[in-house]
Amino acid sequence: MSRSTRKPARQMPLQPDLGMPEQGWRQRLYIIIFESDTVAGKRFDLILLGAIVLSLLVVALDSVAVVYQRHGAVLDALEWFFTALFTLEYVARLACVRRPVRYARSFFGVIDLVSVLPTYLALVLPGAHAFLDIRILRLLRIFRILKLAAYIEEYQMLGQALAASRRKILIFLTCVLMVVILMGTMMYVIEGAANGFTSIPTSVYWAISTVTTVGFGDITPKTDLGRALASAMMLLGWGILAVPTGIISSELTARRFSTHAPTRTCPECLTEGHEPAARFCKDCGTTL
Amino acid sequence: MSRSTRKPARQMPLQPDLGMPEQGWRQRLYIIIFESDTVAGKRFDLILLGAIVLSLLVVALDSVAVVYQRHGAVLDALEWFFTALFTLEYVARLACVRRPVRYARSFFGVIDLVSVLPTYLALVLPGAHAFLDIRILRLLRIFRILKLAAYIEEYQMLGQALAASRRKILIFLTCVLMVVILMGTMMYVIEGAANGFTSIPTSVYWAISTVTTVGFGDITPKTDLGRALASAMMLLGWGILAVPTGIISSELTARRFSTHAPTRTCPECLTEGHEPAARFCKDCGTTL
Amino acid sequence: MSRSTRKPARQMPLQPDLGMPEQGWRQRLYIIIFESDTVAGKRFDLILLGAIVLSLLVVALDSVAVVYQRHGAVLDALEWFFTALFTLEYVARLACVRRPVRYARSFFGVIDLVSVLPTYLALVLPGAHAFLDIRILRLLRIFRILKLAAYIEEYQMLGQALAASRRKILIFLTCVLMVVILMGTMMYVIEGAANGFTSIPTSVYWAISTVTTVGFGDITPKTDLGRALASAMMLLGWGILAVPTGIISSELTARRFSTHAPTRTCPECLTEGHEPAARFCKDCGTTL
Amino acid sequence: MSRSTRKPARQMPLQPDLGMPEQGWRQRLYIIIFESDTVAGKRFDLILLGAIVLSLLVVALDSVAVVYQRHGAVLDALEWFFTALFTLEYVARLACVRRPVRYARSFFGVIDLVSVLPTYLALVLPGAHAFLDIRILRLLRIFRILKLAAYIEEYQMLGQALAASRRKILIFLTCVLMVVILMGTMMYVIEGAANGFTSIPTSVYWAISTVTTVGFGDITPKTDLGRALASAMMLLGWGILAVPTGIISSELTARRFSTHAPTRTCPECLTEGHEPAARFCKDCGTTL
């Protein structure tokens, strides 16, 4: 992880080296805000996590007409409280790093700005209300806290397993897409616009919802031939579903065993496969 | 299991040490009610299991308007019969343990009380009818019987595999929740209230039903962009589904192999885990 | 398999020892009808398989109103043809075994009779039309042919893996049923009859359709609390789905490795793990 | 792969030996068009891939009524551009191989022709508009490019795993089909035409959509008995789903481990497959 986060990705590094100040209140602030080894750092992370979750709740409730009509004033007040809090945090982050421009241009720097900007914009430009929902991107800030927290190992292992299966999953997706386009077009020809299959893209949307076993039911085959084809697709999708699961399963299983796999070699008799904890060669008794 | 059940969980231990009386009818009753090693104890468990299942059936049928209109009197009679039976059992449990208060405050003690109380309350307070459905918690009493029965080993193994995968599943769920909140908000912006996506919480509910491949179809995308995004979500959800399955699969597979793993022991230093092919102890160098 | 089919199951053995006649046309008929080692026996199986599939098609088409109105006469003629064929086969089976009563009372003997009886009954009793659909049980006769065919090994391996996971799956199903009953009752209380959750059984039906990710959408939550609970159920069901898959996966994986697992021991140095094809001990060079 | 593509499949080999010309512009063209080792060859593949994807987009947009009304002329122009391009490519392929007839009759030769023919036919015969959707088969041409590209190894491994599980999956599908036909017929009898189960084929279609957890919801059980049966089917389908996943998982896991399996070779008798811990050849007893 540390390696990949160091290299710049499209001019906007995820977590660039922002430079810890060497002394003074800026250093103390940096350690609290950007690190999580100290008690204060952990407390800051927890409070920030709580604030993000609560502010997301406010954004969500804002969109519920009934709630907004009744508690609009409270929600607006809370929104301004969180906006002020996040603005303060943004300024603090800018202030305590040695390279503020680099921070402002980093992925999380942009997310931090985008988290507060819409509220201010909506104040200035009445038409900017449409952008208020962008605040939901505050969600992404949770990842920064998680990355610093205790779950990194599991997170990385899952990530590595997915990355290792990347090519297999890509090929699998290509095949699925082809099946879905062919099947969708066939259903478009068989069922036609009268039965809801109004165009090839719509039919492909239906085919995807069928093969993935989602099955919304907003469009359904009405003709016998269409239903027969749909049945075949469902059974196919069911069988296909086994493939990505199998890929990830075998990847995780292999990873698990290879982690525990011994790789030490005896200097005397050159047998391999000694356990990491072994102290003597199991074949010739030489001290490892 | 025995270890974890011993330690108090939030003041309400699942199965605390209630104290078997040392002699007399209370001891005999205790052995029948709380243990399942004797013939009488097994018979008691079976009868109780049957009574619980039948009383659940009565609760369920109570709620069916047509059935209640026709057979209301029979159902009421059966309900009183089971309530009397469970009350008797509750009193007997209180009577035969040495620490009745500890039992009454334990998890199953509370469940036992909650199983009978609503029926009495509905008699006294006519408005308490609403609480009658709480009787469904009788269901939980089945777990007590199962725990004593023969399926403990499998039960524990599944539980341990889930517990061991706990952290991975938690991280996985966090990622899914983020995807679902982001996607739901996007659909709320794209489709809008006119197409059923009336608020962010509703849209997130829809996104969950889509990513998990449930696909109720009560809300469905109508615009082309919305359908394209929904298609991507379905394929994504399908791929993501592979992850928890892979986690559990590899956990169970690893567990299985580690159970059957060779366990040769060194005669000198007593370390275990030597491979079948090893000729010398890997820890002390003694010939195996 | 052979062991389990030998032992009588509820007075009705699946494939009892019917006794091959020792000579004459009855023996030749027996070998053709009941065995599949000869060319004639294989041909008989294939023709029977074809006849069963075609007769099932006739039964299915019979039920399609449009098709029956147009081609009713043809379908009736075909039905009588297959009924005559299967009657002939039934008589032939009765004639060529040494213990016809035992055959008639066996599982497949009853199925063979049930396959032809409804057609005759519908002729005699006009009211017996309702029983015509029982003919679909002809389907089960395919299993007899499959059992004799080449796919036995895979069939048995899948069966054994399922049988070995029986207890785990049972426990899993018990837990799922409890979750579903509790959740269904909660939804019944939250949503109520006005939103389609008319009774506890109906709500449990809905809960099952949700947890299994089927999601018909005939009943859907309308209240916010109900939708929140439904969302939790969908995520839960998704996670739970991983469990049976993991059980079967690990079972099949373990079976695979244990099949290929070496189990030979060197008579000289007692090392284990020699491959089945090995001719010399890999540790001391002794001839195995 | 190379082996299987060499042998003729139903008179129409997928990729027959078309014969590279020995010199001149035809050889240079052949290397560009049919191979992908050179820079020009790779560039040709990429351009062709882009043209195919874009032309598929045109076909898809053609079917959207709103888009066609507005941008019909542009789409028609683009269609003619791609048709001309693919015609040119087809002629070039014919021109540069030494055995043009063999190419024209190969699988991809036919697909190449079918990709351009409908557009010309629609010009000559106004009634041939219905065949325009056949152009979607252009999709299959992507496979030719993929086969030459870098993803062959993963593609083959997935293919081999599926091929190895072929028999197990076939048996599994047979059992599922039987369950689905029996269940569908039962629902047809229980629910009847009044509740949407109009015929046995329709009911089987419903049963498939239920067992595979698609659950369109266009047909749903209304009676209590039907809902009970549907609930059982959903739980069954859920459990069954674990089987194909388990098959593929264990297949991929086994394949993975056998790939990394030790492959030490005996210097004397050249047998392979000695374990890392072996000290003597298991076949001839030579010291390894």
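Think of it as A, B, C and D in the order they're written, each chain with its own count starting at 1.
Following the convention adopted for this analysis, a contact is a pair of C-beta atoms (placed from the backbone, for glycine too) under 8 Å apart; a residue touches a chain by one contact, two chains touch by 3 or more.
This is a predicted model, so every value here is computed, not measured.
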item: Result of counting contacting C-beta pairs for B-D and B-C, higher pair; value: B-C
item: Subunit C on subunit D, rotation in degrees - Cα superposition, rounded to nearest 5; value: 90
item: Shared interface numbering between subunit B and subunit A [over half = same, under half = different]; value: different
item: Centroid distance [mean C-alpha coordinates] between subunit C and subunit B, Å; value: 30
item: Centre-of-Cα separation between subunit D and subunit B, whole angstrom; value: 42
item: Multi-chain contact sites of subunit A, meaning residues that touch two or more partners; value: 64, 201, 204, 213-217, 224, 241, 245, 247, 249, 253, 257, 273, 283
item: Sites on subunit B touched by subunit A in the complex; value: 167-168, 170-172, 174, 178, 181-182, 185, 188-189, 193, 198-202, 204, 210, 213-217, 220, 224, 227-228, 230-231, 234-235, 237-239, 241-243, 245-247, 249-250, 253-254, 257, 273-275, 277-285, 287
item: Of subunit A, residues touching subunit B in the complex; value: 56, 59-65, 130, 133, 136-137, 139-140, 142-143, 146, 151, 154-155, 157-158, 161-162, 169, 173, 176, 201-202, 204-205, 208-209, 212-218, 241, 244-245, 247-249, 251-253, 255-257, 273-275, 277-285, 287
item: Complex contact set, residues of subunit D against subunit B; value: 64, 213-217, 224, 245, 249, 253, 275, 277-278
